[in-house]
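First subunit A sits with subunit B, and in the next complex the same chain sits with subunit C.
== the complex of A and B ==
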């Protein structure tokens, strides 16, 4: 693996660290299996790309992308809370709707961002190669987001959200409007995925309608890998674990694709992902069996 | 204080599994009274409690708490006035959260929740003081996940949680039924202590006739969604379990007689 691809893996891994944090909120905190992510990630990318392409400030464009994706998540929550559509189905409906919406947003299957300024070109310090600067900028951002989430989940509202996912009946008996908590949580979760999409588009030179395919699987993979290497019920540990999981996941992928003797090519990416997730899911079980055998 | 007026509630109306859970349930409870509620399975005890807490919305009738009509209010709006302990020890607490986080949730019952830190040092002092009351050593385990506690311990903490914030009504839904006899007695004693200390208006559903007579000031028997027996004061003091059983049989017997009349 070259130095270049190592920094590259770190960069993409950190971007998907944001997706992993979003997935952690929906799947683990709210207990809401949410596939909207496959649509809100490209929505973020599309929104940011089209705005930057038309001359909007890249920071403003990135913020707008997160807001748009957060709104999409809120709609999924609304379908579930207000219209009583089953959570998984509500998110699938939203995901499929977003495919069309994303095409509308971009008005084309893709929007290239080759010469336009991005948050990375603006923030890049003098004398630092761009492929080194981008992961460092992302690392700072991901750390800030992680700390913000840790703070939020320790507040009264954050605690109310956690109780909504853990025991909604009890939460309601304590006066918590659980429906509002689902809307808020889904908005935050998808806003993070939209932010990731916006940064992905700016780091990869453009947005594409197919960039969202499999995002949820990667997010889940990160959560599962993170949980199996740093198992803890504490949310502060979990927010760290899933980011590490996302970065590790990208390293595994880069390793697999770069090892010539394996003979894998770029198009095998999703297959490798599926195998990796399966392995990560089986490891805890295998560990248990191993321990039982020894004792 | 609490007034339930002619409550009617039918589940699955118009289907073969139609159940009339409440059929004209009426009950008035003055402030500070401790009422025990008994009745056979399907008598409407849990449904009645759910109708008061807001988990079930009644088809007709009215629920008044402190003179305010809350019949159409959702659970979270009634939470300001109503505290609850469930039958299932797992139901009243969040097992993924710590003891102090669960208590903080209860301390905020019915209150506006802001972006302030949920567990603060002054709260910990209060939580420790209350937990020490249990004599279970839980005051030293504030940051333990509540899922690590036994059913009895969780039920005891649930009771403390219900009393953390002043409420008008305390609803106990067979809250000792899932516990072993010794723990059940412990939780029951704790209940009596907390209710007396805070002067709570309380309604306790129980399966045990003994409990129903020993605890509280008034006993109500439900049958087929109605109050069929209501005793307090001297009349109640003289009652024994077999008296209660006899009354229960009589109520059911009368009904059978009614049926024979109808069928005849």
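== the complex of A and C ==
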């Protein structure tokens, strides 16, 4: 693996770390299987790209992207809480609706950002190569987001949200308005995915309607890899674990791309990635068995 | 083995690795990426390989050739771009818009040759159709729509309303629809659109055009090309003539297509790669469009869809499907 693909894997891994944090909130904290992500990630990318393309400040555009995606998440929550549509179905409905909405937002299937200013070009320090600067900027952002989430989940509202996910009946009995908690949680979760989409579009030269395909799968994979490497019941550890999981997943893909030496071909990429992730998931189990045998 | 011999072996290995590294610097290397595996895009890749071989660049003579597809995933396309930049090949060939954008965003120094991108200027790969002055050049698969309209008129001379089925999520198709709408209105015709966001929607989209159009035209839209049979079914049963721009679709039941041969497009791309390998700067080479268009006709399909083709049209075809 070259230095470029290593930094590249870190960069894209950190972006998907934000998706993983979002998925952690919906799937684990709220216990809400949310597929909206496949639509809110490109919604963030589309919103940021079109705004920057029309001359908006990239930071403002990125903020607007997160807001738009957060609103989309809220709509999914509303479909579930108010209209009583099953959670999974509500998110699927929102996901397919967002495909058309994203086309409307961009007014084309593809908005390039190759020559426009982005948050990365604005923040890039002098004398540092862009392929190093981008992951470092992202690292700082992801750390801030992680700490903010840790703080939030220790506040009254955050604790109320966690109890909504783990035992809604009990939470309601304690006077928590669980419906509002679902709306808020879904908004935060999807805002993070939209933020990731906005940053992805800015680092990869543009937004494309197909950029959302499989986002939820990658987010879930990151959560599961993270949980198996750093198992803990504490949310502070989980928020760190899922980001590590997202970065590791990208390293697996970078490795798989370099797997041609063992006679593997381009079309085997997904299979190789799946095998690598499986190995990562099995290692904790194998360790456990090994320890049992010795004792 | 004593320490001395271990050291000697190590030194020997290091020298060999060094020699190998030198040899690699001298050998030419070309890295090719495409967003997805697809007959047309694969044909481009094969065409590039063919052109390189014709110019004497073969794996046997030390050419380093590598190919990666993103399997439809833009995040993987971005990682492939980074891997290629790290491998520092002499030329990167990027097939289709998302892959080309990822590569162009990842490097400002390694020569990039794009291919099968319909509108490279709108995709910001190059500032204009002239020599870019940057590290990017390439071959577009844009078709002259004037010629496409001419063909429609030759197949169905009294057509007033042309229908078109396309995927609203495909950049190339949206470009074509926009241009075609303007051009058709200039020649006294109008365009009726039907969108198919997934391949399974193609049949339904075609049925929605029945009774509203005199002819159905399709561009090289990936969804439509994949599910062309469902379009043929509608065309045959409702007697609506089908004009395509993917020549393979003629074998599958379209009446006629004037299109780019993607293998030739790849060869044309490969020739640009060879020029760069020989030392030309990509910034001095203007972007090209396909130099060769081929007409395919299918008189059998014409009979089924209720039109007869003129002898002149059949004679001018590069290939007549029986």
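In the analysis below, the second predicted complex is superposed on the first by the 261 of 295 C-alpha atoms of A that agree within 3 Å, B and C clash if a C-alpha of one lies under 4 Å from a C-alpha of the other, contacts with A are read in each partner's own complex, and residues count from 1 in each chain.
One rule holds in what follows: a residue touches a chain if its C-beta (ideal position, glycine included) is under 8 Å from a C-beta of that chain, and two chains touch if they have at least 3 such contacts.
What you see is a predicted model, and the numbers here were worked out from it, not measured in a lab.
Peer 1: Which of the two partners, first being subunit B and second being subunit C, lies in contact with A:166: first, second, both, or neither?
Peer 2: It touches subunit B, and subunit C stays clear.
Peer 1: Mind working out whether A:108 is in touch with subunit B, subunit C, both or neither, as first, second, both or neither?
Peer 2: After superposition on chain A, A:108 lies in contact with subunit C alone.
Peer 1: Per the contact definition in the header, classify A:204: touching subunit B only (first), subunit C only (second), both, or neither.
Peer 2: So A:204 only meets subunit C here.
Peer 1: With both complexes overlaid on chain A, does A:156 touch subunit B (first), subunit C (second), both or neither?
Peer 2: Only subunit B; A:156 stays clear of subunit C.
Peer 1: Hey, is it subunit B or subunit C that touches more of subunit A?
Peer 2: C
Peer 1: If we count contacts the way the header does, which residues on subunit A are in touch with subunit B in the complex?
Peer 2: 152, 154-160, 162-163, 166-167, 169-178, 233
Peer 1: Which stretch or stretches of subunit B touch subunit A in the complex?
Peer 2: For subunit B paired with subunit A, touching residues are 53, 55, 74-77, 79-80, 84, 86, 91-97, 101, 104-106, 108-111, 113-119, 145.
Peer 1: Can you tell me which positions in subunit C touch subunit A when the two form their complex?
Peer 2: Per the stated touch rule, the residues are 37, 66-69, 71-83, 85-87, 97-98, 101-102, 104-106, 122-125, 127, 168-171, 174, 197.
Peer 1: Can you check the complex and tell me which residues of subunit A touch subunit C?
Peer 2: 1-9, 12, 16, 99-100, 103, 108-110, 112-115, 131, 200, 203-206, 208-211, 213-214, 218, 250, 253-254, 257-258, 260, 266-267, 269-270
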